[in-house]
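Below you'll find the structures, each written out as structure tokens.
Look for chain A in each of the two complexes below; its partner is chain B in the first and chain C in the second.
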Partner chain A sequence: MLRYDSTSSSAGSSSGSLSSSSSSSKPPQQDIDGLLAGAGYKVRSSELRQVAQRLERLETAMGNSPADFSQLASDAILYNPSDLACWVDSLLTEFAEPPPTCSSDFIVDPVNNQTVVNSAWTAAEPHTPQVHQNITYDEQQSLDNQLTVVTAMEEDSGIRLVHMLMTCAECVQSGDLSLATSLIDDMQGLLTHVNTVCGIGKVAGHFIDALSRRIFQGMGGGSVNGGSAFENEILYHHFYEACPYLKFAHFTANQAILEAFDGHDCVHVVDFNLMHGLQWPALIQALALRPGGPPLLRLTGIGPPSPDGRDSLREIGLRLAELARSVNVRFAFRGVAASRLEDVKPWMLQVNPKEAVAVNSIMQLHRLLGCEQTRDSPIDTVLSWIRGLNPKIMTVVEQEANHNQPGFLDRFTEALYYYSTMFDSLEACRIQPEKALAEIYIQREIGNVVSCEGSARVERHEPLAKWRRRLSGAGFRALRLGSNAFKQASMLLTLFSAEGYSVEENEGCLSLGWHSSPLIAASAWQAVPAWDNHMSSS
Partner chain B sequence: MAGSNEVNLNECKMVVPLNTWVLISSFKLAYNLLRRPDGTFNRHLAEFLDRKVPANLNPVDGVFSFDVLIDRATGLLCRIYRPATAEEPEPNIVELEKPVVGDVVPVIIFFHGGSFAHSSANSAIYDTLCRRLVGICKAVVVSVNYRRAPENRYPCAYDDGWTAFKWVNSRSWLQSRKDSKVHIYLAGDSSGGNIAHHVAARAVESGIDVLGNILLNPMFGGQERTESEKRLDGKYFVTLRDRDWYWRAFLPEGENRDHPACNPFGPNGRSLEGIKFPKSLVVVAGLDLIQDWQLAYVEGLRKAGKEVKLLYMEQATIGFYLLPNNNHFHTVMDEISEFVSSDC
Partner chain C sequence: MVQTHHCEDHETVGENKEKRPKFFINDHVDILIEILKRLDGRSLCVAASVCRLWCTIARNDSLWENLCFRHVSPPPSSVRSVVLALGGYKRLYTGCVRPVRSRLGRMRKASWAGDEVQLSLSLFCVDYYERLGGSNSNGRLVGESSPSSLMFLCKPVNV
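Up next, the complex of A and B:
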């Protein structure tokens, strides 16, 4: 399967128009050791010596009690290994080694090129410009320009199909609809020669359909997702069962929420998309088992209104209440029916100032990204009131994809590769009808990305790097997900027969992917206190 | 107990730049956390700690990369690095496997190090190294993400190497124009160097040409304790104890270090006399405690009449080739470039 994270077509234009620039909150990058950055570590040149000293201390401690050390490895929770200084420090803290008196071993003489006899370090060679020497881990630069592809060996007709899809998309972008239409015909013919049960043939079929719909309905057409809220919930539930993406999302978010709620007796979770409430039984049970006893748990679930007079939100709430009662967790539920997240007002959530609040957004924030970058766009409004709630934690899980670019061809290409990878991973699923319905779920997403525009296009996925900038710019700071979350997520995956899923750590965030391509990313955030915030708010 | 558990910190500080010391020490530290005394490995923590980078179809310093799944059954991935050409500075995403251009285009199959247990093809340090190799050798580099110990013991890594080798050899888009053949070099550091040797042996046995082997601080060993092992134990980032752990993790259970995988010219080894084994470039670091085994390997090649060039870098420690901040690094890169380009 082909996977592709597209580049922005003109470098620099993809940073969008965030109302507040993030640059003022970033520490200076120029002091970072370029060579270590190339190896994946962020260490300030000015701190190298200190880091070295701490490493030495740790080594000495390790030498003294090797058994403790391997135990340490099993028990310690480590965070953000890229930040070497921080990582070494956290290990040192575990060991609680008293700092030694300052030794004179560390004399660096960078000025002279000769090795000074009494110096413990050789002077570095003069730095000639080298490949990657000047790489900084400024996400703004590196991740915007990244293209990743994982390919499996495909038959020639598969490659041809991809070729034609791209050409067709290009025609759509340039307005040459007659050529596009004839390409659709050709592709449908080619499909008969390609295996459409699996592989590129299957996903190509969905893209051909989506393109076809776009061409024949004209721009701006296309229904939002097709299907009722009820249908969507069913499809979602099967997607949940068929592959690990949603389970990973729930699991990782719950872990972070559980930790954030530590020590609080009144807690309130706001779920931006309740669906069948699949995420919450595990949290309720974990809270029930909390040392010291469970808190009072309030859950506010947001979801679309039910047209047929049922109150589906309330039904879910009742079921969860039943579960909570069975494990002796005091529980209260409130449903907030809204067709769009931006219609929700904070007063509807009835947050009590004494509670610890967790805001949980599983693939909801991207729906707020209008293609118009206006000053009071829905995303800014919503992020602003979330911040106003001062949540203890906001868990954000989003598709790790760049499906919100202005150029249609870029978007199309990106989606082709992203969903190819996702379909590829779904091959491993053996249970029906879960697999078939999961495919329909994904197919609907494809349809929205490819054939919808304007307010109808809600699947506006953006990669983690963009979310980081956006959320930092909106007054949030990242809470790091650590090695325990990573390990548990990895272990969750081994429950699946499919080998090929991988969890990766990326500066405090976790992502789940198929082979080496991340498809979904989870992060956790906290509001920066207003008096800490130097940025002008929108 | 043989060897010393004490790490003599002062000596290794004398010979490496500060940032190299920090890098290798942090690896050492991390690796100590991962190896358990009972022989198991904390794989989750290993993956969490390993710094990885994605492939990048956008050329960076003239090199772009993409990942290929070459064996679905084992999940064997390779990362392919290609030079961006002047005619096509931005590669067409659909035609990644566009034929290489040139009368002679070397293809280097690279096996990353990590003592058979650590690292991956997408580890940052190895991504950097492979990109460098593309530049200096004007080659396509294929970095193999072989299965690792202790979960996958001998011969998995060799099997994966062989699968990758066959795959590379059968790619028409990798053929050099001159003779419509793929010009293959095998390269690797540490355990990767060991794998390169064994894959080369298998290749020539199967009648497929390998143009050269490049072994950087290759991982070999044996049952006996050599002089260098005793002298350098614990002095320069590496202890005998950890070396032993990795062999126990890789070799079949119950086997000792005279197994031919570990000791190819040892008592259970096989002579290469009469076999068309490729020329080798073997780099040995003078401060690497296993150098006596590496030198014995070179000797073994010589005795069998095979062409071998030894680069003995006296003051180099393990990992010197990871950062371009020392003379050994530049010397070795020059030699590698020469070694590959001398095939005309």
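Up next, the complex of A and C:
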């Protein structure tokens, strides 16, 4: 499941200059890895994995015996450091390391310099090192090789795929479309050697598709966004079920809204993207049970207009109303159909000045960002009328990624890392068809980030730091999400037994990530009452 | 214990006659309820298969209410009407509280007990909402009729 992580770490340790290689136009030579050659090291592609392992072992050995290390620095003579494989081996023998036995699960005893093997392959006890000494180096190496040859080939192909993806993206950025096209063909050939069911193969496949769509179909990307509203709702619903990101978003926002509504009898929630309204049952239930009794709750849901006569907004409203009636909460629903958020005008929301307003935006604000920083960009217009509503709270949940940079290669690199992490986390999901449809949902995002430009590119994710600056500049101040929200988020994550998710608190905002890479961030804001408030109201 | 008849001992015969009708727990439903109230969820389900009387009693929602709030301070009275509206305590326990408690039990912190129930209630409400959608909508908004919102609780994932 974490195979991509390990390949990326070994790729990282052997070629730190991945993104800044200068020899991008040279096709990779027969056997020598092209990108490392650009950095001045000659390593055979077939040996990349072993070299990376030995480098890691060297690092461990250096850490374990600092005395030897200083001796090494002063006394050792090292030949030809550009031949990385030999160089690492010679250093390892300086440390009197025995030759590599298993690829994992061994403990090096620095005092005795013996390797005590814990692996099941050799079926030996860790307390009888003599048994291991009987297994000769050659035997162990061939065992090692047999068992790791499949994964080594796959991991090499995985590393190579990543290299080729980066090179292809550079070609696209510089306009060398002929080389990009041939790289796409090569990569598609390489995909047959890689497991595309999980890991790097799956993500790479999606990125290759997106790149080829960009090259061959231009950047309108109509087919990517062409999904109907109905399809999008279904994909979104399955994404909600398959992984905890949306649940985290909903529960955290609800907790903040609940706390902000404390003491108010007339409350109004504006949801920027209603979908199936899955966020609101929990809030309705919490309001029903709050001490002092439930308030009058009005919900205004914004969503795309539905074709062929169905009024999906109204249907969702009716369902929510039935739920509210069951739990005795006075409820009123209003639907606002708009295909773009910037088309919504504040008068459509019919906000009563006496009620407490909460604005809820789950992954919608980034769609308003344009590429040019003009004065009246949609985001500024919308933020100013939100401020004019004087909401008690505005909950903002956004992807924690930097996918709105002007340079294509930077965007591509970020997206590759971000979506690989997200796909890794999705591996933990076992329920079908939720997992497959969730993957399609993510795939559409990838397609939009990579293959669309201009107004067609709506997935313009920006990291929390940028949103903080933007929202503070627009007259909002941050509200801290309290400890209750953090506790609830932690509990929710523990229920997803996959123990890779982590919640972090960052200056009052919560972010959810996979193995400490944050993927989604939730924050709460309030309009600053300013002396020029009347000028910014619509 | 062997009971021997002593015809000449009238007191003993009298005692024996009084002792002969055995104690049937089913005749004392209030005691039965008190005992069943203290069982855990699994035992309660097993108890429901004993006989019709036990089945009827075990289906009584107040027993399950007891289970849900056993380790928690008694909830305000408004909770009951909400839970009953959303499907009842037995459903709340078997669908939400039990899996939540067992999953969080590994990392249980003492302060979480009340929050576990709160979270269970919220998840229960989302589940009810999805069940509403399955029966009402003709378009396939939710997919199968069985809602999948709680699937992640049902199928523990081993990574």
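Points worth noting:
Here, the second predicted complex is superposed on the first by the 371 of 538 C-alpha atoms of A that agree within 3 Å, B and C clash if a C-alpha of one lies under 4 Å from a C-alpha of the other, contacts with A are read in each partner's own complex, and residues count from 1 in each chain.
To be clear about the criterion, contacts are C-beta pairs under 8 Å (C-beta built on N, C-alpha and C of every residue); 3 or more make two chains touch, one makes a residue touch a chain.
Here the structure is a predicted model, which means the values were calculated and not measured.
Look at A:Gly175: by the touch rule set out above, it reaches neither chain B nor chain C.
By the touch criterion defined above, A:Ile431 reaches chain C but does not reach chain B. Contacts of A:Glu315 after superposition: chain C is touched, whereas chain B is not reached.
Looking at the superposed arrangement, the partner reaching more residues of chain A, out of chain B and chain C, is B.
Contact with both chain B and chain C is seen for A:Gly500 once the two complexes are overlaid on the shared chain.
Once the two complexes are laid over each other on the shared chain, residue contacts for A:Ala52 go to chain B alone; chain C is not touched. In the superposition on chain A, A:Leu492 makes contact with chain C only, while chain B stays out of contact range.
Judged by the touch definition given at the top, the superposed model places A:Gly189 against neither chain B nor chain C. Of the two partner chains placed by superposition, A:Pro353 touches none, neither chain B nor chain C. When the two structures are aligned on the shared chain, A:Pro307 is found in touch with neither chain B nor chain C.
In the superposition on chain A, chain A positions 487, 491, 499-500 are in contact with chain B in one complex as well as with chain C in the other.
Against chain B, in their complex, chain A makes its touches with residues 2, 4-5, 7, 33, 35-36, 38-41, 43, 48-49, 51-52, 55-56, 58-60, 62-63, 66-67, 69-70, 72-74, 78, 81-82, 84, 88, 91, 105, 108, 115, 120-125, 127, 130-133, 145-153, 159, 162-163, 166, 413, 417, 483, 486-487, 490-491, 499-500, 502-505, 515-518. Interface residues of chain B facing chain A in the complex, by the touch rule stated above, are 5-7, 9-10, 13-19, 21-23, 25-26, 28-30, 32-37, 42, 44-45, 47-49, 51-58, 60-61, 64, 66-70, 72, 75, 77, 93-94, 96, 122-125, 128, 131-132, 135, 322-327.
Contact residues of chain A toward chain C in the complex are 1, 230, 233-234, 237, 241, 244, 251, 254, 276-278, 281-282, 284-286, 288-289, 291, 293, 310, 315, 318-320, 322-323, 326-328, 428-431, 433-434, 487-488, 491-492, 494-500.
Of all the residues in chain C, the ones that touch chain A in their complex are 76, 78-79, 81-82, 85-86, 99-100, 103-104, 106-107, 112, 115-116, 118-119, 121-123, 125-126, 128-130, 132-133, 136-137, 139-143, 148-149, 151-153, 155-159.
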